[in-house]
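You will see chain A twice below: alongside chain B first, and alongside chain C after that.
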Partner chain A sequence: MLRWVAAKVAGGAFVLWAIATLIFFGLRLIPGDPAQALLGGPGSQASEEALALVRREHGLDLPLAEQYLLAMGRLATGDLGTSYSLRQDVLTLIGEQFWGTLLLTVLSLATAWAIALLLATWATRGSRSGRAVASGLEVVASAVPHFWLASMLILLFSSLLGLLPPVSVEGPSGLVLPVLTLALPLAGFLAQVMRESLADALESPFVLSARARGESETGVRWRHAIRHASLPAISLSGWAFGSLISGAVVVETVFARPGLGRSLLNAVTARDIPMVTGIALVSALAFVLVTIATDAIDRVADPRLRRA
Partner chain B sequence: MTAPLLTVDRLSVAFSGVTVVRDVSFEVSPGECLAIVGESGSGKSVTARSLLGLTGGRVSAEGLRLGEHDLLSAGPKQWRSIRGGEVGLVLQDALVSLDPLRPVGREIDDTLRLHTSLSPAERRDRVIEVLESVGMPDAASRALQRAGELSGGLRQRALIASAIAASPHLIIADEPTTALDATVQSQVLRLLAQLRADGTALLLISHDLAVVREVADRIVVMRDGEIVEAGSVGEVLDAPRHEYTRALIRSVPSGVPRGMPLAASADAGSTRNTAPPAPSTGPIVLEARGLSKSFPRRHQAPLLAVDDVSISLRRGSTLGLVGESGSGKTTVARMLLGLVTPDDGTVDLDGARFSDIPERQRRRRRRMLGAIYQDPLSSFDPRHTVQRILRDALDPKEANAPRRLTELLDSVGLPSSVLARRPLHLSGGQRQRVAIARALAPRPEVLVCDEPVSALDVSVQAQVLDLLDELQGEHGLAYLFISHDLGVVQHMSDRIAVMRAGTIVEEGDATTVFTSPQHEYTRQLVASTPRLERNQRS
Partner chain C sequence: MTAPETAGTAYGTAHVAARPGARLTAGEVISLAVILLLAAAALVPQLLAPGDPLAISPTEAFQAPSWQHPFGTDESGRDVYTRVVHGAGQSLLIGLAATAIGIGLALVLGTLGAVGGRALDFATTRINEVLFALPGLLLALVFIAIVGPGVTTTTIAVGLSTAPGYARIIRSRILAVRRSGYVEAAVVLGHGPLTILGRHILPNAVAPVFVLATLGVGQAIVWASSLSYLGLGVVPPAAEWGAMLSAGRPYISVAWWLTVFPGLAIVATAASATALGRSLQSRTRQEQS
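Coming up: the complex of A and B.
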């Protein structure tokens, strides 16, 4: 167990390093002068002297390899630098935005699971037409883009019914539409995976054994089938969390909700290199942690994995 | 005679309008074992499941009574109390019939939770008692293990324990020993016999007449959803009245002399030898000396799967290789085929070295070696037609000769109409024939047959065994015949090698090995194989 954790942590550290490196060189490939961005963006009329001063201050005149080593050294100590556009410590800025996005994505993941379980159960239990409707819903849900779904939800629940605010406000009511926007497509996708493995599990001999033991239909599902059906969906949840983070960029923008996604969009527009790097790294860290967590849950749910 | 516990009167089961069980009637009394025998599709499992209300089809009958219960009018709640409480079901292969994610003790606990009013602590003790009653060693710690962590025999015991935990009056055992090795099978059969002796009624579903002979009191023979014959074990097996029963009994290879045809279509009473018994005279075509192979394991010493095995195959004769699962039979076969590199030892094919040479030199000589496996379906590309499958196996020079394809199909007794079909749309017997045709396509000298009939019904098995015999006589093929079924091996082999834990413990003439086994393990193996004694071949 300890060796497993150590291996996962080492793997995660490697992923973070690789991402930091990719971002560092990737951002250098974008045309344009970072010093210009520092002094107010492409439109600014900064003098040559001012640019030279900024370059020296930020080490931008050093050879690329040296810049890279310096940057990595700073990252290793947890120093993400200062935002070019907001002139504040990146870590502090991210800290302000992080929890909102985390709440949004975790709630969306949980909601997606709940909806997927319902859909999958419905699709394997209900009448023939009910099953057809359920599988149709799954396909449609997994195919709709976030921005369209967000607009439709706003149209329906805010403009027509007036039940929920069209922009994200403080409190639970402001979260409902953003969470639904992120959760519905994921739920459709997870439900498709679950439906298939649930149907397989319900056909398997151990379920026949359980029924022959006198287990009720509900007991068969909750004690046996759901666990088998969840295995592939658990494995996919790590990936799903990553897609939710990128989905947050769209959703936070559409609902005018503060968060990492919207900050990332602003930072990219402003060519704010430290901010982009910081957000990307924090998202990657969250993704790595969630992946380790889903692997751990997988091993709890499927003890056979522990021997392999 | 005591009053019957179970009465089935003119039971019929239909699935969306198609009747799969028609007018089936029988009775089972307490302490009695009734066996339903039949081949796949005969409706025997559906019949058994209708006694649990688990067919999923439309069940109708004049009468269906279990003790006090009228099963025809049982509602969902009554069914749930009958299932597990009055009737226990034991399926084949506990690896998939017990939930692989849960400890076996939990599965047994479920039965107790559903049918008794014991407290969780009392149930925990009872689980261990039940496990001990089915002969589970170290029951307390086994209860915490999952089916996959137990050996085949132990997990089948756990499955039986989960079925009998609430002391049902009737146990339905659906092919309870089919996936098990001979020695384990005899342990499980003894356990079932003991339950019957304690007064439980036993309904045994099986395709294996030898197993039935050992355990059952009475037999019902089913075919295409109907009962063709019923009676005591002695009546049905020793003096079968119906032609189908006779054919079924005749198909069982155990005890039938080498070379005598088994299938019903062969001339009755014919003594024509399909293969000329020419053992130990033909030249050696494949010889292995001192083969060893070990596989690395995690956190453990490497597994020595094969340890210093030497065998030789002669033209026109068969070497039978028997042993239980894990004894190394298949690893030997793979080394002979040049698919696994031996750690030690050599393989010579037709007098020239076949192991330890680069694959490039081996490839053109591979055509001399053919292989047939247990499950042909998984050894075919499901998208290929039979024509494509066979053409791919032909020598490139012959690949465009349609005559060769029909010739191949002829030799395995298939019509040329199968050429356009895909494996999925063929029956099990037809698939195995295609597999044999494919193995024959490059005109091999040696065929390695790894459990070639284990997945087939007994009558189809008889046809395939006859075919293999015929082909051997025709082409002078050398066979390495691997099987866990001693009856099949005895019928097919000139010589027999017995493997255990990676080594050959005994090798000799087939008749000698069976009639006077020298090694203790062979004796145990022969003794634990259920036999279908026949006075005379009818």
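Coming up: the complex of A and C.
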């Protein structure tokens, strides 16, 4: 187990290093002067002196290899640099935005799981309406863009019914629509996976023996089959978490909610590279950690994996 | 959303063949009809909507849907129906091109990983892991931050984001096909490794990928329109569905039709592509069992 964890951590560190390196060299491959970009692009007509000053300040006059080593050294010590557009420490900025996005993604994941569990058990009971709702949500999951679902929810709950605020406000009422927007497609997706594996599980010998012992239908479902059926959905949760971070970019923008996603979009629009690198690294780190956690849960829940 | 991990495992190792003569279901007929309609809108938009998608008419701004303007008009009095029809070409082109880029890249990564020996397999698996660590739009956003926004960049960015999922499936397919009887037979017959790869392994490993691509086009259209919506792809007033939604966003409470109709077009396209991909998937699966 310890060796397994060490290998996973090393793999994660490699991923972070690779992302930082790719962004570093990707930028150098693009035609154009980075110093000019820092001062607002070719349109800004910065003076030669200003350019020279910026080059010295950011170490752009050093040889490429030295720049690279310096940049990696800073990243390794946790220094993500200063944002070009906001002129503040990137790590501090990310720290301010992180919790809002974490709250949003965790709540969405939990909501999606709750809906998916209900749908999957309901749909495999064989009721027509359950199956119809489940397959409807599956289509939603694959075909409805987050930004449009958000708009439709705003139309329904804010403009038509006047129940909830159209933009994110402080407190729980401002969270309902963003969380629903992220959770509904994911729920459809998880429900589909769970439904298939639940149907498999209900055919398996251990369910037959539980029934033979006189266990009630509800007991069979919740005590035996659902555990088995949740396994693929648990392994998917790492991926789901990643897709939630990606969805947060859209949802935070639509609902004007402060968070990492909206900061990333602003940074991309302003081509604020330290900020983009910082957010990419932080979300990749979160993704790597969640993947390790779900893999570990899988190994605990399914002993067969430990022998492999 | 597509789960790249789960989709590929359902196939056996038998040759994949189309099943002629099987009856079409209602869902398949509807999706095919939507796709045909879209193809018509993309190829000959004048046939369905003779007007000019960019023609403004300030006196007719913000008109609700009517017989004259079935989808209403936007803030400059442009006809939304005409714009939705003319936007089909742009959206489909981006979706198809992005999927082609994603699959092309995945073919290279997946094939190298599966037949290139241990070192290459290790390298391509690591590359895939790195691409996977920035899921969904994140990889596309980082790519756009480096290269700059625009239609071409958006298309490549979406293609890049879909590549790791396909690569993983192609790799595992090739590995499965390589162990099959007919490849063994080809080895015994003394065919060279490249002949075996090109004539026996790739055709059989890649067939299910085209099914996945049908599923993927819908996803690519959704992602590309998201990027346009965020202001990084196609820029208004061009008639593209994501860009139209982005332009209609400030008016959502006064002009719902600006948000509803372009969005419905995206959903209908993506849902049809997905439904068609699913039925192709289950048809090829039935063939094998």
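Note that the second predicted complex is superposed on the first by the 288 of 308 C-alpha atoms of A that agree within 3 Å, B and C clash if a C-alpha of one lies under 4 Å from a C-alpha of the other, contacts with A are read in each partner's own complex, and residues count from 1 in each chain.
Definition applied: a residue touches a chain if its C-beta (ideal position, glycine included) is under 8 Å from a C-beta of that chain, and two chains touch if they have at least 3 such contacts.
Computed from a predicted structure; not experimentally measured.
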**Request:** Examine A:Pro205 and indicate which partner it touches, taking first as chain B and second as chain C; both and neither are also allowed.
**Result:** first
**Request:** Give one of first, second, both or neither to describe whether A:Met152 is in contact with chain B, with chain C, with both, or with none.
**Result:** second
**Asked** In the superposed arrangement, which partner chain does A:Gly162 touch: chain B (first), chain C (second), both, or neither?
**Response** neither
**Asked** Which holds for A:Arg213: it touches chain B only (first), chain C only (second), both, or neither?
**Response** first
**Item:** chain A: partner with more touched residues, chain B or chain C
**Value:** C
**Asked** Which holds for A:Gly78: it touches chain B only (first), chain C only (second), both, or neither?
**Response** neither
**Request:** Could you look at A:Pro63 and tell me whether it touches chain B, chain C, both or neither (first, second, both, neither)?
**Result:** neither
**Prompt:** What is the contact status of A:Gly242 with respect to chain B (first) and chain C (second): first, second, both, or neither?
**Reply:** second
**Message:** Just checking: does A:Pro172 make contact with chain B only, chain C only, both, or neither of them? Give me first, second, both or neither.
**Reply:** neither
**Asked** Can you pull the chain A residues that chain B and chain C both touch?
**Response** none
**Request:** Spell out the residues on chain A that touch chain B in their complex, using ranges where they run on.
**Result:** 204-206, 208-216, 223-224, 227-228, 301-304
**Prompt:** If you look only at chain B, which of its residues touch chain A in the complex?
**Reply:** 52, 54, 80-85, 87-89, 91-93, 96-102, 107, 110-111, 114-115, 146, 148, 159, 162-163
**Message:** Could you list, by residue number, the parts of chain C that touch chain A in their complex?
**Reply:** 1-6, 126, 129-130, 132-138, 141-142, 144-149, 215, 218-219, 222, 225-226, 229-232, 245, 249, 252-253, 256, 259-260, 263, 266-267, 269-271, 274-275
**Asked** Which part of chain A faces chain C closely enough to touch in the complex?
**Response** 11, 14-16, 18-19, 22-23, 26-27, 30, 139, 141-148, 151-152, 154-155, 158-159, 166, 185-186, 189, 193, 232, 235-236, 239, 242-243, 245-247, 249-250, 253-254, 264-265, 267-269, 271-273, 276, 280, 283-284, 287-288
